[in-house]
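These are the structures in question, set out in turn.
Heads up, the next two complexes both have chain A, just with different partners, chain B and then chain C.
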Partner chain A sequence: MLEVILWFIGIIIIVPVIYLAENIILSAIPGQNRSYPIQPIYRLIKHFSKTDLYNRPLTRWFPVGACVFALVTLFFVSAGENIMLIISGLVMMELFILVGACSTKEPYGIMAAQRGISRLAVWSFALMIAAASLYKAAGTLKLSLAIQYSGESILLSRLPLVTAGLFTAAMIKGNLGYFDFGINANTMSFLDTALYTPYGGRSLGFVQLTQWIETGIWLKLISFFLPWQPLISFLVSAVFYLAAMLLNAVVPKMTWKKVMMNSWIWAGGLPAINYIWLYML
Partner chain B sequence: MDFVVLGVVFGPVVLLLISFLIPQGKASRIFIEISAVLFFVTAVYLFVAPSSNMFNLYIPHIVWKLITLLTAVFILVRSILDKHYIISVLAFTQSIILAVFEILNAPEEAVPFVSFNYDGKVLLVAGSCITAFFVPVTLIYLKKYFSQKKAVKKQEKQVEAGILLLMAAFAGLAAANSFTGLFLFWQWMYIAVRLILRAFQSSERKTAAVVLVVQQAALTVWMASIPFIYQKTGSVYINSLDAGFGESRVVVAVMAFALTIVSGCLIPDKNIWQDYFSVPAPVSGIITLIMSVLSPVAVLLKFGFLFTGLNNIILTLVIIFGSLIMAGGAYYSCVSRKAAQILQGILMSAAGWGITTVFVSRESMFFTVGYTAVSSITITFLFACITILEYIKGTQDVEQMYNLHKEMPEMAFFMSAAMLLFLFAPFYSALQRLLYVRFLAENPVSMLLTVTALVLVSAVIFRWLSVLLSAGDKTSIERDAYPDVFRVILPLFFVFTVAANLSFGSIYRYFRQQPIPMGSLAAENIETYSELEGFLYMLKPGKGLIYAVGVIVVLAACFYILQRFGKADKYTGNTDSRVFYHYSLTAWIPAWVNPGLILRAAWISLAAIIAGVALSCLK
Partner chain C sequence: MSWLDGIRAKSISVLQINAGGCTGCTRQFQAALLLDSGKGITLTGNPRHADVLFVAGCINNKSADYLRQIYEKMPSPKAVVAAGTCACDGKLFRGEDNGISTLDEILPVNAYVRGCVPGMDEMLETVINVVEDGYKEYKDG
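Right after this comes the complex of A and B.
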C-alpha cells in the first residue's frame, strides 16, 4: 500500500515537473515564447485564486467530477489494477469534461466537445485493443501481474506496436504534434482552447489539474509495457513525452479531420496490427 | 405438457381472439395492457417456480400439425387477398410440403412440443418485462398518433393484435423443441409483424416488402429441409441432430443461422432495416426488441450444441458475421440523428453481440443470455423515454433534446442514469468477459470488429448525454407536465431497469444452479467466471459497486445543483446565439470512403462464403 501511495504522490509531483521542464526549455530556445520558469504552476495557482467568470453551477461542478475520477484512476494505475478499470476511469473523466463543455451555450465549447467525442472513440479503441493484446500476451488484465510477466519475458518485444499506439493515444490526449485536435489545453495556449471556453477561474484550475493527473496516468500506463524497473520505465516514458511536447513546438498544425485520420492510423491501426500479429506468431 | 408453459405460449393467442370481441377504444387498450402484465406475471412464475407435473395436459400431435398447416394456409389466403403473389406461391409451397410430408411420413412431434430451458426462461422474463412496461406506453402513444392521423380503428386493432401475436410468437420461439415448432412460431412472428406494418403502410417502404418475401423464402427452405432432416435422424426434435448426422450438421446449422438472421431482419444494411422499421418509435422498438434481439438469440441458443461442434472455418465465418452485425449497428447508430434509429442501431449491435458470442462455450451462452436480457431491458427503457418525449414534445430528434434537464429533469436523469448503466458493460465488464471466456480468443478480426462496435456505441451514448445536459438556446424554460400514466410507469420501469442491471450477477448464479442439459458441453470455468469482479456483479460489494454508485451520486448531485441554482444559469453574452448542431461522429471520414457500401459488400461476401462452405459439406 505504501508503494502505491508513493507512486500516487510521485506521479502528481513529477507531471508538473515535466511541464515546468518543457516551459524552461522552450523559453531558452530562440523564436519561442518566453515566460517565467514556473509559469505553469503560477498559472494554476492564479486560476484557483479567481472566482468563475459566469455563474454556472453545473459547469462548475463537472471539472470537479472529472478531477475526482482522474484521482481515482491515478490510484488504480498506481496500484497496477485491472486495465479495464483504468479505461473506465479515463472514459468517465472525459465524459465529465465533455458534458461540462456542452452544458453552456458557448458554441466553441460545444463544437470542441463534438470533436472530443470523436477523439474519445480513437483513444478508447486503442486502449481496449491494448487491453486485449495484453491479455493475449500476458494472460492477465491486471497491470501488476503483467509487470511480473514482463520481468520474465519482455512484454515490449511482443507488444511493440501496442506500446507505440498507447504513446500515440497519450499524444492525442495531450494534443501534441500531428495529433493536435486543437480543442485541448496546451501549456502555452490554455485559455485560447475551445474545449475549455466555458470554464473560468477555479473550474479552469480543476481542468488543468485533471489534465496533469491524466498525463501522469498515461505515462504510468505506458511504463507497464516497458522492460525496465518501474521507476526507470516511468522516467523513460516521461522523457519521451517531454520530447514529444518539445517537438510539438515546431510541428505544423493540421485540420481536425486530418488529425482524426492520423489518429486512427497510428493510435488505432498500430495496436490492431499488433493484436493480429500476436495470432500469427 | 406443462399447463403454465402452454399458457405463456398460447395464452396471448387466446387473448387475441377474445380481444376481437371487445369494442375498439379504451376497453380494448386496457385489455391489451392487462394481457401484457399477465404475460409478465406468468413468465416470472415460470422462472421462479420449478416445473411441476401436476398441471400437465396431453395434446395430440395432430393438433400441432393442424395449427402449423392452418398458419401456412392463412398466410397463403392473406397474401392472395393482399395481392402479394410471390408470398402466396411460397406459402402454397410450404402448405404442400407440410401436407405431403405428413401423408408420407406422419412424423411424431417433439414431446413436449414447447418447454422452456433455463436460458429460455431468462429471455422470456426479459421479453415479458419489456412488453409489460412498454406496451402501455406504446398504446397511449398510438392513441394520440392515430387520432392525429384520423385513421380508422381497424389500424389500431391491427397493431394491438400484432402485439399479442408477437408475444405468443416470441414465447413459442423460446420454447419450441422441434423444427416444425420453429417454423410455426417464426410464421406467427411474420404474421404479427406483417399486421403491425400494415397499420403503417407506406408506398415508399418497398424494401420492407422485399424483406418479407425473403423471410418467407427462408421459411420455405426451412420447411423443405424438415423431411430431409427427418429422413436422416428419424425425428423432428431439434436435439436429435446431436448424434450421427455427419457433415450435414453444417448445412442444418447454417440454415438455422440464416433463417434466424433473415427472420430477425439482422442484416447490417441501413437501406434494409431502416426501411423495414420505419414505423413510429415505440412500435419499431417493440418489433426490434422482440423480433431482432430476443427471438434470434433464443433460437440460436437451441442450436448451440450444433454450432459448438462445427468445424472452425464455418464457426469463424459465422462469428465474424455476428461481429459485422454488431459493427454495422453501431455505425448506423453513429450516423443517425433520430433517437429511435440510434436505439435500433444499438439494438442491432446487441443482437450482433449475441450472435457473435453464443457459439463457443456454455459460459459464453450464459453471458450472452444475461447480456441480451439486461441490455434489452435497458434499451427498452430508453425507447420508453423517447416515446414519452415524442408524445409530449412531438420530436425524437436527439438534437432537439437540449434543455431537457431543465424542462423534464426526472426524464433527463432517468435517461442519463440508464445510459451510464449501459455504458459500464461495454467499457469495463464486457471486454473483460470477452477475454476471460475466450470465445473470441481465436478470432482476432471478430474481436477488432467487436471492440470497434463497443467504442462507437459508447461514443453515441456520450454524444447523447452531452446533448441531454446541454444548456440549449432557450432563454425561458417551462417545465413540461407528464400525463399521469407516464408519471407512474417511468419511475417504476426505471427501478426495474436498475434492478435488472444490478442483479446481472445473480443470473450467473441462477445458471450455476441449473442442471446442464444433455451434458453436451460442460461449463468448465463457470465457477471462476461467475466470481469475476466487475459492474455485472454489483450486488456484491466491490470496486464495481463503489464505482457505479459514485458515478450515479455525482450525476445526481449535478442534477440537484442544477435544479437548486439553475435560475442563475444565464448566459450574459449573445442570448440569440444558437447552439451548434452536433457533428456526425463520422464527419471526419473522407467523402470517397463509403462505410455503408463497405458494410454491404462485407455482409454479402460473408453470406456467400458461408453458404459456399456449408454447401461444400454436402459432398
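Right after this comes the complex of A and C.
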C-alpha cells in the first residue's frame, strides 16, 4: 500500500515538474515570451481565484466530476490495476468535460465538444487495441502482473508499435501532437486547445488540474511497456514528453482536419498494425 | 498588494482588441512582451481565459457592441485598459456626431495609457499595476 501511495504522490508531482522544466528552458530561448519558472503554478492559483460565469449552474460541476474521476484513475494506475478499469476512468473523465462543454450552450463550447469527441474516438481506440494486445502478449490485463514481462523486455519487443501509438495518443491528449514540419504550415486558432475553450475561471482551474493528473496517468501507463525498472521507465517517458512539449513550442501546427487524419494514422494505425502482427506470430 | 494579487500579477492573460485603428498600439504591446519587464504576461484569444481587456483604436457603434459582449464573457476579477489616444479620448477622429466613442463611455475602464503610440514599458507597467492593485479603478489624469 505504501508503494501505491508513493506512486500516487510521485505521479501528481512529476507533471508540474515537467511544466517547470519546459518554462525554464523556453524562457532561455530568444524570441519566446518571458515567463517565471513556476508560472504554471501561478496560473493554476489564478484560475482558482476567479469566478465562473455560466448561464447554467450545473456546468461548473462537470470539471469537478472530471477531476474526481482523474484522481480515482490515478489510484488505479498507481496500484497497477486492470487496464480496462483505467480506460473506463479516462473515458468517464473526458465525458464529464465534454458534457460540461456542451452544457454551456455556446457555439464555441459545442464546437469544442465536437472536436473533443473526435479526439476521444482516436485515443480510446488506441487504448482498447493496446489492452487487447497486452492480453495477447502477456496473458493478463492486470498491469501489476504484466510488469514482469516488461522487465524481461518481452512487452517492448512484442508491442513496439503499441507503445509508440500510446505515446502519440498521450501527445494528442496534451494538445502536443499537431506538429507540421512542412514549409506551408498554418498556425491554428486558439481552438487547438479545444476543450479549454468554453471554460473559464475556477472551472478552467479544475480542467487544467484534471489534465495534469491525466498526463501523469498516461506517462505511468506508457512506462509499463518500457523495459527498465518502474521508476526509470516512468522518468524516461516523462523526458520524452518534455521533449515533445519543447518541440511543440517551436514547431508550427497543423489545421484541425490534418490533425485528425494524422491522429488516426499514428495513434490508431500503429497499435492496430501491432495487433495484427501479434496474430501472425 | 495582497499575496493573491501578487500571484495574479505573475500570470496575466491579456485579450487585445483593436476596435478600429492603425493597429500600432496592439503591435507595440506584442513586441513589448518579448522584453524582460513583460515576464508572465501572455496573450489569449479567448475572453473566458482573459484577465485584462486591452483595447486600442477608435470605437464605433459596431465595435462597441462586440466590446460589451466580450467584457461580459470575462470571468471576474477583470480589468479594462484603454491604450493609445484613440481609445482614451478619440482625439483627432472624434467629430460631433460621427459615432466614435471613448472606451469609458462603453466599459468601466481601470487604466489609461495615453500617447500615439504609447511606450512599451508604460503599457506593460499599466497592465501589471492594474492587476497588482487588485483590479481597482485608477486614472492617470
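What we mean here is this: the second predicted complex is superposed on the first by the 257 of 281 C-alpha atoms of A that agree within 3 Å, B and C clash if a C-alpha of one lies under 4 Å from a C-alpha of the other, contacts with A are read in each partner's own complex, and residues count from 1 in each chain.
In the analysis below, contacts are C-beta pairs under 8 Å (C-beta built on N, C-alpha and C of every residue); 3 or more make two chains touch, one makes a residue touch a chain.
Note that the structure is a prediction, hence the values are computed from the model and not measured.
S.K.: Scan A:I18 for contacts with chain B and chain C and give back first, second, both or neither.
M.R.: In the superposition, A:I18 touches no partner, neither chain B nor chain C.
S.K.: For A:I97, select first, second, both or neither according to whether it touches chain B, chain C, the two together, or no partner.
M.R.: Touch status of A:I97: no partner.
S.K.: May I ask you to name which of chain B and chain C touches more residues of chain A?
M.R.: Of chain B and chain C, more residues of chain A lie in contact with B.
S.K.: Just to be sure I read the superposition right, which of the two partners does A:L120 touch: chain B = first, chain C = second, or both, or neither?
M.R.: first
S.K.: Given the touch rule stated above, what does A:Y275 touch, chain B (first), chain C (second), both, or neither?
M.R.: first
S.K.: Is A:Y42 in contact with chain B, with chain C, with both, or with neither (first, second, both, neither)?
M.R.: Once the two structures are laid over each other on A, A:Y42 reaches chain C alone.
S.K.: Can you list the residues of chain A that touch chain B in one structure and chain C in the other?
M.R.: none
S.K.: Help me check something: in the complex, which residues belonging to chain C touch chain A?
M.R.: 4, 7-8, 10-11, 33-36, 38-42, 44-49, 51, 72-77
S.K.: Residues of chain B touching chain A in their complex?
M.R.: 423-424, 427-429, 431-432, 434-435, 441-442, 444-445, 447-448, 451-452, 454-456, 458-459, 462-463, 465-467, 469-473, 533-534, 543, 547, 550-551, 554, 557-558, 561-562, 564-566, 568-573, 577-580, 582-583, 585, 587-588, 590
S.K.: Could you pull out which chain A residues touch chain B in their complex?
M.R.: Of all residues in chain A, those touching chain B are 54-58, 61-62, 65, 68, 72, 81-82, 84-85, 87-88, 91-92, 95-96, 98-99, 101-105, 107, 110-111, 113-115, 117-118, 120-121, 124-125, 128-129, 131-132, 135-136, 141, 256-257, 260-261, 272, 275-276, 278-279.
S.K.: What residues on chain A touch chain C, complex-wise?
M.R.: Interface residues on chain A, with respect to chain C: 31, 33-36, 39, 42-43, 45-46, 49-53, 189-190, 196-201, 204.
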